[in-house]
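To keep things clear, I will list the structure first and then write my remarks on it.
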Amino acid sequence: MTTAAALSFNNLTTMTVSIEHHIAHIQLSRPDKLNSMVPAFWQELPSVVRSIDEHSAARVIVISAQGKHFSAGMDLSVFENMAKDFSGEPARRAERLRRMVFELQDSFNALETVRMPVLAAVHGGAIGGAVDMLSACCSRYCTQEAFFCIKETQIGMTADLGTLQRLPHIMPHGLVRELAYTGRNLSADEALRCGFVNQVFSDPIALLEGVMSIAKAIAANSPMAVHGCKDMITYARDHSVADSLNHMATWQAGMFQMPDVHTAIQAQKERKPPQFDELHTRFSRL
Amino acid sequence: MTTAAALSFNNLTTMTVSIEHHIAHIQLSRPDKLNSMVPAFWQELPSVVRSIDEHSAARVIVISAQGKHFSAGMDLSVFENMAKDFSGEPARRAERLRRMVFELQDSFNALETVRMPVLAAVHGGAIGGAVDMLSACCSRYCTQEAFFCIKETQIGMTADLGTLQRLPHIMPHGLVRELAYTGRNLSADEALRCGFVNQVFSDPIALLEGVMSIAKAIAANSPMAVHGCKDMITYARDHSVADSLNHMATWQAGMFQMPDVHTAIQAQKERKPPQFDELHTRFSRL
Amino acid sequence: MTTAAALSFNNLTTMTVSIEHHIAHIQLSRPDKLNSMVPAFWQELPSVVRSIDEHSAARVIVISAQGKHFSAGMDLSVFENMAKDFSGEPARRAERLRRMVFELQDSFNALETVRMPVLAAVHGGAIGGAVDMLSACCSRYCTQEAFFCIKETQIGMTADLGTLQRLPHIMPHGLVRELAYTGRNLSADEALRCGFVNQVFSDPIALLEGVMSIAKAIAANSPMAVHGCKDMITYARDHSVADSLNHMATWQAGMFQMPDVHTAIQAQKERKPPQFDELHTRFSRL
Amino acid sequence: MTTAAALSFNNLTTMTVSIEHHIAHIQLSRPDKLNSMVPAFWQELPSVVRSIDEHSAARVIVISAQGKHFSAGMDLSVFENMAKDFSGEPARRAERLRRMVFELQDSFNALETVRMPVLAAVHGGAIGGAVDMLSACCSRYCTQEAFFCIKETQIGMTADLGTLQRLPHIMPHGLVRELAYTGRNLSADEALRCGFVNQVFSDPIALLEGVMSIAKAIAANSPMAVHGCKDMITYARDHSVADSLNHMATWQAGMFQMPDVHTAIQAQKERKPPQFDELHTRFSRL
Amino acid sequence: MTTAAALSFNNLTTMTVSIEHHIAHIQLSRPDKLNSMVPAFWQELPSVVRSIDEHSAARVIVISAQGKHFSAGMDLSVFENMAKDFSGEPARRAERLRRMVFELQDSFNALETVRMPVLAAVHGGAIGGAVDMLSACCSRYCTQEAFFCIKETQIGMTADLGTLQRLPHIMPHGLVRELAYTGRNLSADEALRCGFVNQVFSDPIALLEGVMSIAKAIAANSPMAVHGCKDMITYARDHSVADSLNHMATWQAGMFQMPDVHTAIQAQKERKPPQFDELHTRFSRL
Amino acid sequence: MTTAAALSFNNLTTMTVSIEHHIAHIQLSRPDKLNSMVPAFWQELPSVVRSIDEHSAARVIVISAQGKHFSAGMDLSVFENMAKDFSGEPARRAERLRRMVFELQDSFNALETVRMPVLAAVHGGAIGGAVDMLSACCSRYCTQEAFFCIKETQIGMTADLGTLQRLPHIMPHGLVRELAYTGRNLSADEALRCGFVNQVFSDPIALLEGVMSIAKAIAANSPMAVHGCKDMITYARDHSVADSLNHMATWQAGMFQMPDVHTAIQAQKERKPPQFDELHTRFSRL
């Protein structure tokens, strides 16, 4: 049923991946290090996400974490490496830094450009870079004790990996600004009220159960229809409604086809789950 | 007081229209068919809305529905007609479909481009195409038992008539995505919390009373001032603040004039309702 | 510690300014006139804000008001002056009005372009132009009895100084539209629920204490980091995420430097407050 | 071969239409009135263009004119009608004028949104509104004695039907500005040098022959491929390259199909003209 | 006839200003220093331009230069001042530099935002910052021996005051890039062919005569109509055609009025020059 | 002097690469196959370009071709592979095609995103995909007998790899449209007149000599300054002038530094070529 076997998710050091029933589950797996984002993480995350997109039968991705906290954000080793390298002619150093930021941002962009939805299940703290990552997910869910923190401001720098770019589309601006300027924690309750998370669960087990049940509902739908939803909503965030309606119609011209509609309607009549084709992988050879 | 008599709203088959005290009331009128959107609906809605805009003294439009549900969305007959016609050279079929989507989208765009506000009063279910329509209204109100559903995903297609383009501007993205990917129902309570509806009423009678009272408050204001508000808020959604401020100032250059201000201030002094001129119809002959 | 002494805030007639502990406090000071916005106000506000930006050690600005109400908005004398001047060839009058609107808008734009955050503490009524002003602040806080009102619609004109341009980015569109079309009051409770204010306090004293405590938390952070947050969030509101990520990386190329990070981390280790350099003033001479 | 018979082009008063060999030829037909744009013109042009688009086998449109001049632009009767109607409360008059400008602009927008290319063949003068019209055509060709003039400036108004919006995309800005500010004539030679026209012919007969020969070359290609080119180039003018590439790929997903490619390649092998299917008309019934 | 007397253009050190017959003539007046851009220049230029806009009867501005060359661009003293000041914490230094660039850019932006057209008459060399300035003018004219040079690249920096932002809208991109990457001279002939200048004259006297004659033609038109052209063309450069048409119609709603049209038509009938009202200055008192 | 040795350009099958004196020279190397774009080409081009960017000392890239023609565009084998694969459920096939187009477009996007300028030297024919590629280069140069052709239209499809997106920014729209709709050849003379190429040379030897001499002039400048020019001009094409000026100032904050300016000025004083540091490669390890 899944092609996980065919995918080389064995040598990962910062996360584990399993794919079952069309749901890919990525778990941050350095609990004793608070799942901090070490250099390997920045390579593994986009590579894993793109592999799932290209080669698997997954129709939705769930991200959660092992241990007490979701993630402490950027590992200090990254800063230390950078500090060592922070020398030379200042214009070239600045240009190098600019490209490094682009590269790190791209690791999280992968969550946005992958064709299937990405749901995040958060317990404990999600700090600094973790908020950048969560902002690039489709929807967020958390436990009662979870908290979120734009920590970067408190260590003397401006968060640069997506938080300040995506949060203003996700929660009220007045609150985004307070959180960013102060670097204070956002509690689960506040996160629910402001729309940053969709639902709050009592504990990590209830959380994962709840999120998996939503993932299951998504995986039961046509992956083409769901992919279209994701592409359209992201597009709408960044374009005018007129442009977005044009994009919708142009997309639909090729992507609306009868087979999935027939499958869905037939299954509803017969009261059994519909069986949709997978999303296609690439053309065999360019 | 109204020009309803002069307007030919007699031959409508999917809705009724009445205009009183500057309020136009459109009611979906196929309750036994769940107000599903048959071919006639797609012609009548924009035609009715544009007639109200051009020829009536209405200053606000209220949309409600007869029967148990607001609307079941697209009527299956539309899909069936389409299926019959879904043949021929595939590029030309795709191009034809693209234009059909544009045409359907335009039916709802009319709600956005009409000069007066459009308030929606929803009871029962608002399914599929009904959510597209509600997204193009200015403000939404509902009863306690109402629910909303992006049903398209569950029948194997991506909703294409405005829902995915406009909802991200109306409610938190994380929730929009969950609703679109799963196709689940949104309850009245959730709709209120997330800002999709402004207010929840106990039952259809209280709902219509409540919405009419808001409509009345709007109709008491200068229709020029209100039209400006509508144009500005829609413009702001699709442009930067800098562009929107420019649009505002350019608009105001011609649209701010003393007569309405005098009328309003004088009426406040005399503690009686102000009498404003109607919005103008077109230049007599081009 | 502050350079307030060096700044000429003595001749102000519509507000007072004090700067302490890196916090600039602007207070509207015509309580018996409901802090209405007289001609002098429109000159003093941007001038004060730009002076604080250029010449002071302030890292955050708090705006509050003396008396029973925050502000009654535009003073009638402005309209009366305008009415006197509202003559001559109508095209040129319109052009002149357009530029006057630009000029008034610019007074509030100053709140957005100043490098440090601006927090508003509101008690009593904030009417008409006051809502335009509050929309240009970073975050808003209020007392339980506070209320907000887009009064312009009720006096026959379209609000033109930022409310209709900025509110749709701050609270749900459906509510913005109802408030603008009707001109009704928004209560503190509703303002909190919809995200217009971040927090509601019991009374003016608790309010100012609460806001000052948030201001203090902001002032304790690196002013460079905080300035970056403000620039990024405002930029993100008006641009696509892709453009905003590019802006972020380009900014960071020059603005990420080690000294502030070292200062912050060192201070955390030593558990004492970090001492950051001030934001720079201009190059000595162009 | 053509469906002209089926189209009601008989009652036109300002232009004639003929459709042959997939080429629709629109000729302005009030030569003794210098083809000035009377009220009927503004209705007939978009109506004719949309009919050709929907109901004919035309794959390209050529616009030319009878008599000594291409067109003298807006007929004075339009101004006179407007002057008569230029009364009433000034805000409402301004709003009415705004909508009238939209309506007139839309007449020329039809040239841009019709699916097939529009080529203009100009001899004699093209004045005022004629330049607005030509700017909305795909390509322009003229005779040696032709000239172009943004006359509006010299009669005390700003040209408002597309010239100032489209010319900056068609010829160097420095020249556009001089022409607009002075209202002077642009000669055929200058028009060729600056790229406003593609080619200059010796006389009206050579002109029409030359343009028809280009039209013939266009009509020999797949109308789907040509329609795609038109949509893409117009889209690219108004969007970033990144957005335009996305639009291209999304379009191509549905619009690239093998039949036309096979037809074209087979025809080239057999050295005979390819026979492509027509563009489709609408879905039979919505 | 002119209000030059009332304007204090006496204390200028880097340019002279005269206003006659509705034409303001700014001349760079440090010929022995090659009209290099010293600190005073950056203050005087925008101040002069805004004064002309606000207080004079000028309807067009002509910029020329005394001496052998138009301008050698940025004076070395500016770099030297900057070098002295180029110290301190590097993030704050970078932020300060960013604001300095904004301020310098604004000096040239004034040429674009002033209501009346700005024509540049260039003889000799226009180097570095001079090209930035010329790019912000409406139209450019030059003598046969004139040349233009993006010198900045050859002194190790990227030109930052508008050249790279505006030239791609003025001349073909392929040429802009070659000029910017190499820093080579652009001759008058090449400048004419690529559309950077509108016309080439034999010598400085013919040049000024020619440009003044164009300025005179502009000044004979309604200043409202001309101002509208300038605003529209600049707007069209930066927006989509759809947005620009909307801006046009919104502008026209207030700015189209009968008096100027009557004046123009009457004058044409009577074959004498029309007498238009001046552009208005500001509302007497805010 | 160059690091070409360290770069693995040995196994290329469709092009050769040499790097000397800071100039990378890419030559299409399948002359007997008319340098048609086979599957390997689409992988090698972006890979080569990115390697040059990351690992070499090149400051400019020159692209030319061996044999009689520059390139015949897409190799038929690509279409044949695609035709074999053009099956399955049509929505998924469309989605797969969309991604394939993105992937092919990205091969040419690499020319635009690489930090150093790319100059194209064209002799003989440049057909179909070759025009897409040339449109993504910075500047184009050709021989007298060269010609360019948007061939796709004549084989029944819309060109989809950048031609229709980038040409409208490079040459007049009226001509772009004629070329795209007809698929006719553009001669060298026409290409020069319309600005598509910067210069025409008598023969391939003169061409390469001429282009190399321009490349040399570029390579003599600071690579940071040149990189800034490239980034700014591309940015300006896709953004408003206001946004582009902001990007410029933000870039300059980090990228303007004294060392290159000192080097350049010192070298000019000493009349010897300046020696600039190379562009930096990435941070050692993320």
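We just call them A, B, C, D, E and F in the order they show up, numbering each chain from 1.
One rule holds for everything that comes next: contacts are C-beta pairs under 8 Å (C-beta built on N, C-alpha and C of every residue); 3 or more make two chains touch, one makes a residue touch a chain.
On a predicted model such as this, the values are computed, not experimentally measured, just so you know.
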| item | value |
| --- | --- |
| Chain pair, B-D or C-F, that carries the greater number of C-beta contacts | B-D |
| Angular offset of subunit A relative to subunit D [C-alpha, multiple of 5 degrees] | 180 |
| Interface numbering overlap (same over half, different under half) for subunit D and subunit F | different |
| Length of the line joining the C-alpha centres of subunit B and subunit E, rounded to whole Å | 47 |
| Rounded Å distance between subunit A and subunit F, as computed from the means of their C-alpha atoms | 34 |
| Residues of subunit F whose C-beta touches two or more other chains | 90, 94-95, 97-99, 169, 171, 194, 224, 237, 239, 242, 250-251, 253-256, 260 |
| Contacting residues of subunit C [partner subunit B, same complex] | 79, 83, 86, 94-95, 97-99, 101-102, 105, 109, 112, 152-160, 162, 164-169, 171-178, 180-184, 194, 237-239 |
| Footprint of subunit A on subunit C - complex, ascending | 60, 117, 138-140, 169-171, 194-198, 214, 217-218, 221-222, 224-226, 228-230, 232-233, 236-237, 240-242, 244-245, 248-256, 258, 260-265, 268, 274, 276 |
| Subunit E-touching residues of subunit C, taken from the complex the two chains share | 39, 42-43, 78, 81-82, 84-85, 88-100, 103-104, 224, 227, 254-257, 259-260, 277-286 |
| Subunit A residues within the subunit D interface of the complex | 239, 243, 246-247, 250-251, 253-255 |
